[in-house]
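After this come two complexes, each holding chain A, first together with chain B and then together with chain C.
Showing the complex of A and B:
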């Protein structure tokens, strides 16, 4: 292979390990004298802990240690302003399945049997279940220990322009309520952690996480360790989708018990425990009023969203903003107001699932636009197009848009799906639905609110020509190692296969805030580019001196540095690296990236701004059986503006994965609790789509070359999921004329809606 | 505690003599006793297919297979697919098409397709989908996996497919 690797397909550098079974996940790591941990979990949704009797468990031969909440009582949480969780429950339990005791034994089976011998006495309290109970002032308080006890974690209200005046002046006002269900990530790899004491008195923690940096900070803080004594390493991770962003009991308890016992401790969750660890989609009740002119200009949106957050905060403060801040993208709104609440209840905590906080309002918005188009007798695509913001624009709430390919995306899917000739003309039971969406490429402001870099990346070149990239970002399968290797290879005239990436090891890699909010390509990618450019200058200068020419006259390509226009006059990259080392003492560079701050009219809106936004349009075709209520998605056409596809196969895989996860939420997936108990904590009952439920997904990539993204690239791992559920909802309406405002669109719900229409009509 | 019994298996071409409780799962035995960790725990109850191995060439959920019931049989895990000469054609296609994202389901899916290819080298797209119905993949949406499978199966279909 020759030339720049940017835009080339082919294997990813870490692909081989993943297809040969050689990749090592936490559960595959074994150390001498390794002990195993298991949890005792709450059987009550809300109760005071009266007594925990661990004597029988502790007395069992082979049990090495037993830990309770009081052993590690310092509170932690991903968001510093909302630390409300402890490694194990202290004084109170707040959901069925909350860990109370951790038992460590010589093998896993013994740890589990000993855990079954622990006796917990509860003083049951009334459980707060559902949004109405959380809002009821007579309900008990989930966090009654808080300084200002309330079942509302965060209540956000923002208004831009005069919404009431705009609504009053609108030709039509469309109003509806939407109920989005909870759902969970269901990564195939369970969360796990292995902690081992270091010979020097420190501790190493291998963990299945999306962000070693936050785990590092929280575990050190809760254990009272100096951060410098703790090393957190991410081995191969069996995906996250947002579900491995929080610190977990696995990490805290393995770390504490390894230190206490002086031997390695591994704790891996069971499948049922993965469902209980959760941090999934918030069930959200939403109300939308939209005012439009008769020509279809959106004069105002008035939006409310109440989210059932479960027992702990997780990233819920951020969720409450994300429920509202992306509404005006990519649309021009005359006025906008939103109010969002994230509530505490006695079920497993919700958190960031792919498309965090933006999935639910996007479902409401894109379904609502179809309603409006119907009222106005407009084509839903035309209604959207006339309200599109362009490139170099700003939303009503002050979010700066740089590149914007939404119009091209919509054109692509309309054309691919035959929208203009087929929609409304398909046989009864068949329909097409459209949705568009936008998503951030990382948050402009980090959660710690400091002015430090969001990503730092080092590039080192050895005298044998080996190039190693060190980044704290986490590859969960999404391809961030390949992204880093591609960018660095491009700058150094090499191929990704020439580059080694060392990632997510707090002792070896510089700080990166981690793999969430679709931030890694933007942040770590830009840092890698800067570091690679510094290295490029080092080798170019050395080669220029050797060749007796100016560095500006030289080109790096195919592993050589040569004079522009004359390949024969040059040196190999390896030789140039040696010349540079002789001149400079060492070859390498470290660079940090912090996104450029953007002027905004609305300074207080610190959650929502991103360096760049991705845009997506998708059309779903469905077939609905009106006798059985079964909805089958026939095909999805999706176009995504990823700025630039650094490796198109990887980008397409992200887009396809997003749509597939969206189809699961559209048709099957829902976390259902009965009296606070998760009804179906298994992969059989919680229906992740199989190959049989996944239709062809046809992907078009739109490249807009973003001015801030590294070599023009933006996110692709979350945004494409946003429009899938409303596209299906709109297609169902096109097929059989019913509006479904509460996913998943199960046969029961379809039949109920058909029944209701039959009675009405 | 279960009694320990001798069990003879042939694993990836090697004879393996074990002394294990017959009720241990094949999954535990290959991972913990034989250190063949490419076979994955996904759910432990036969729902996800991550633990798929080949038993006498046929895909089998190792988490539901008690080791005492497979005495004398031939077990192939993901570690037994590639040879020193190179990857299996299914693996080569997976690599080229980036059909593994996180890679946790991949060993099971690769083995499912390896078995299908041995049995039916010209399997149709429908056969391929049917074969993969017992494996879950949460990352890919199946597109790249099907493209990789097509790379291998389509050339064998002749002109009739």
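Showing the complex of A and C:
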């Protein structure tokens, strides 16, 4: 390959290792004298812990240690204002599956057998199950230790403009209730951690995480360690989708027991435990009122969302804002008001799942727009188009939009799907549905509210020409290493295969806040670009001196630095690196990125603002069997404004992955609990679609060259999921004329809706 | 990670050795292992000696007996069955029902014998350990209550073997080897239908302990058979309803399974409705997260569709 790698379809630098199984995950790591941990977990949804008898377990030969909640009682939590979790339950359990005891033994089978010998005696409490129970003032309190006991973690209200006046003045007001279910991430790799005492008295923790930085801070704090004595390393990780953003009991217990026992301890969750660790999508009940003019201008949206958050806070404070703040994007609203609540209940904790907090309201909004279009007898695409905000605009709640390709995205999918010629003309049972969405490229404000860099990246060049990028960001398979290698290679006239990326090791790599909120390309990418540009200047200056010309006359490409217009006059990149080292003593640079704060009318709001937003439009075609209720998605056309596709194959893969995950939520997936017990805690019972059920997904990339994104790039790993479920819902309505306001659209629900319509006559 | 519990492993090289190993207390045959291994890992089965049948080549392969039917070794992988020319010609519905099992990789390991003897299944039973412990077990394992019918005393776990409805309509017989008293091995032949009729939820068949299923024998039949599998996910999933329908000169027959502990056979002589007969005979219960009402409704739809396919 030659020329810039940006926009080219080269191989993924870590692709071969992952496909051949050579990549090393936590479960592959083994150390001398390594011990294994297993958990005893609660069989009650809500109970006081009366007594924990670990004597039988402790007495078993080969059992090295047993740990209970009182051994590590300091509270932790990803969000500093809502630390409500302990490594193991103390005094009380709050969900079935909550870890109570950690047993460490010489092998895993023994650890599990010993765990089965632990006797826990419970004093059962009534369980708080579901949104109504959480709101009922007579219900028990899940966190009765809190200062202001209530089952509400956070209640948020925001209003922009005079919603009541706008609704009153509207020609039509459309009102509906929506119920979005919980779902879980189902990463292929289970969460795991291996902790080992260091010879110098410190501790190294290898963990399957999306953000080593938060794990680093929380593990050090809970264990009472100096952060400098703790090293957190992320080996290869088999996906996260948001499910590995929190610190977990694996990390805290492995670290504590490794220090206590003075030997390495590894804990890898079982598949059932991954389901119980959860942090998945919040089941959310929503109400929407939308006022429009006769011509289809949106005068006002009044929106409420109550989210069932499960037993602990996780990122729930942020979730409550995300449920409301993206509603006005990409649409122009006359007025907007939202109220959101995140509630505590006695089921496994919810948290960030791909499209965090934005999936549920987007389902409501995009289904609602189709309802409105029906009332107004308008084409749903035209209704959306007339309300679009453009580039360099601002939403009603003060979010600054830089680049905006939403109109181009919608045109692309309308044309690819044959919307104008096919919609309404398909045979009975077939239909097309459209949805549009927007998502952030990282949060403008970090969760620690400081003014430090969001991402720091170092680029080092050795005298043999080796270029190494050091970044604390976490590649989970999504390709962030490739993104960093592509940007740096572009600046240095190399190819991604020439670049080595060292990532997510708190001793070696500078801080990055982690791989969530679709922030890595924006934050780490910009930092890498700045560092690479500094290195580029170093080698260019050295080469310019050697060649007796000005640096501005030189070009870097294909591993050489040469005079513009004359490839024969130049030096190799390796030689230039040596010249630079001779001149400067060392070649390398470190740069940090903190997104520019943008002017907004609503400065007080720290959740929602992002340096740039991605935009997506998608059309789903479905076929509904009215005898069985089975919905088959025939095809999805999706167009995504990613700013610029640094590596189009990876961007397309992310877009396809988003749609595939969305189709799972549309048709199959739901975390159902009976009496607080998870009904489907296995990959057999919980129906993640396989490739067999995934229809053709036709991806169009729209490039708008964002002014803030690195080389114009924006996010692509979450936004494209937002519209999939409403696109399917709208397609079902087009196919058989029924509206389904509660995914997943299972055969039973479809038949029930058809029956209800039949009865209504 | 969920480790395998420790247990002895036997790899007999002869039928005699296999029968001797199966006579050990708590011994269990291991064919493809695609159902037994997860059940052992989840603690659904108590660990005892595992008797691998992999070295017994005599149990593998498809042959044509003199009567023109098929004799299929119990250890024949489902994928071999699916692509076998004789099976495709003589019992296409069998090949097609085998092709609906799980996924291509699982069909490479899973065997016909294993599928025929597949344990019954229930969403309240086939759970990993924390979830099962929180329920306090059930009638099938470690408990005293059936969560499907808490006031009853019977286990409702559903017969879920994909190939059994078709094999029953084909009149398949099972060739079973027993340890003889003194003179080595004894071989018996039992109709599949009578063996699965003994299924009671807790068990899926009446094969005596220590016996070894060696082959499935399919007689030559002229009946045309269509089968249908209803499942929540298009692959890697057990059926929530299995339907096989046969057309004979004298009328129609159906076997419906995954609806209760044993497959239900329904016959409708010419002039009567197979759909109505199946509708009144099959009443699914809450063994699956998919509701029994919807599954019952699907009995009518799927039998109708199978009949239509054969009528056409």
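What we mean here is this: the second predicted complex is superposed on the first by the 761 of 761 C-alpha atoms of A that agree within 3 Å, B and C clash if a C-alpha of one lies under 4 Å from a C-alpha of the other, contacts with A are read in each partner's own complex, and residues count from 1 in each chain.
Note that in this section a contact is a pair of C-beta atoms (placed from the backbone, for glycine too) under 8 Å apart; a residue touches a chain by one contact, two chains touch by 3 or more.
Everything numeric here is computed off the predicted structure, so don't read it as measured data.
J.: Touch check for A:743: first (chain B), second (chain C), both, or neither?
T.: neither
J.: With both complexes superposed on chain A, which partner does A:270 reach: first (chain B), second (chain C), both or neither?
T.: It touches chain B and chain C both.
J.: Check the residue A:21 against both partner chains and state whether it touches chain B (first), chain C (second), both, or neither.
T.: first
J.: One more residue to check, A:243. First (chain B), second (chain C), both or neither?
T.: A:243: touches no partner chain.
J.: Considering only the touch criterion stated at the top, classify A:478 as touching first (chain B), second (chain C), both, or neither.
T.: A:478 contacts chain B only, not chain C.
J.: In the overlay, answer first, second, both or neither for which of chain B and chain C A:235 touches.
T.: After superposition on chain A, A:235 lies in contact with neither partner.
J.: For A:65, is the partner it touches chain B (first), chain C (second), both, or none of the two (neither)?
T.: Touch partners of A:65: none, neither chain B nor chain C.
J.: When the two structures are overlaid on chain A, which partner does A:348 contact: first (chain B), second (chain C), both, or neither?
T.: In the superposition, A:348 contacts neither chain B nor chain C.
J.: Counting residues of chain A touched by each partner, does chain B or chain C come out ahead?
T.: Here the partner covering more residues of chain A is B.
J.: Pick one for A:690: touches chain B only (first), chain C only (second), both, or neither.
T.: both
J.: Can you give me the overlap between the chain B contact set and the chain C contact set on chain A?
T.: Residues common to the chain A contacts of chain C and of chain B are 27, 190, 268, 270-271, 682, 684, 690, 692, listed in rising order.
J.: Which of the residues in chain B end up touching chain A in this complex?
T.: Per the touch definition, chain B meets chain A at residues 31, 35-45, 47-48, 50, 77-79, 81-82, 87, 91, 94-107, 110, 129, 132-133, 135-144.
J.: In the complex formed with chain A, which residues of chain C make contact?
T.: Going by the criterion above, the answer is residues 1-6, 103, 123, 126-131, 133-135, 230, 232-238, 289-291, 293-294, 297-298, 301.
J.: Over in the complex, which chain A residues touch chain B? Could you list them?
T.: The contact residues of chain A facing chain B are 9-12, 15-25, 27-28, 30, 185-190, 236-239, 241, 268, 270-271, 476-479, 647, 649-650, 652-653, 656-661, 682-684, 688, 690-692, 694, 696-697, 699.
J.: Chain C touches which residues of chain A in the complex?
T.: By the definition above, chain A touches chain C via 27, 41-44, 96-97, 107-109, 112, 190, 192, 268-273, 276, 627-629, 668, 672, 677-682, 684-685, 687, 689-690, 692-693, 746-748, 751.
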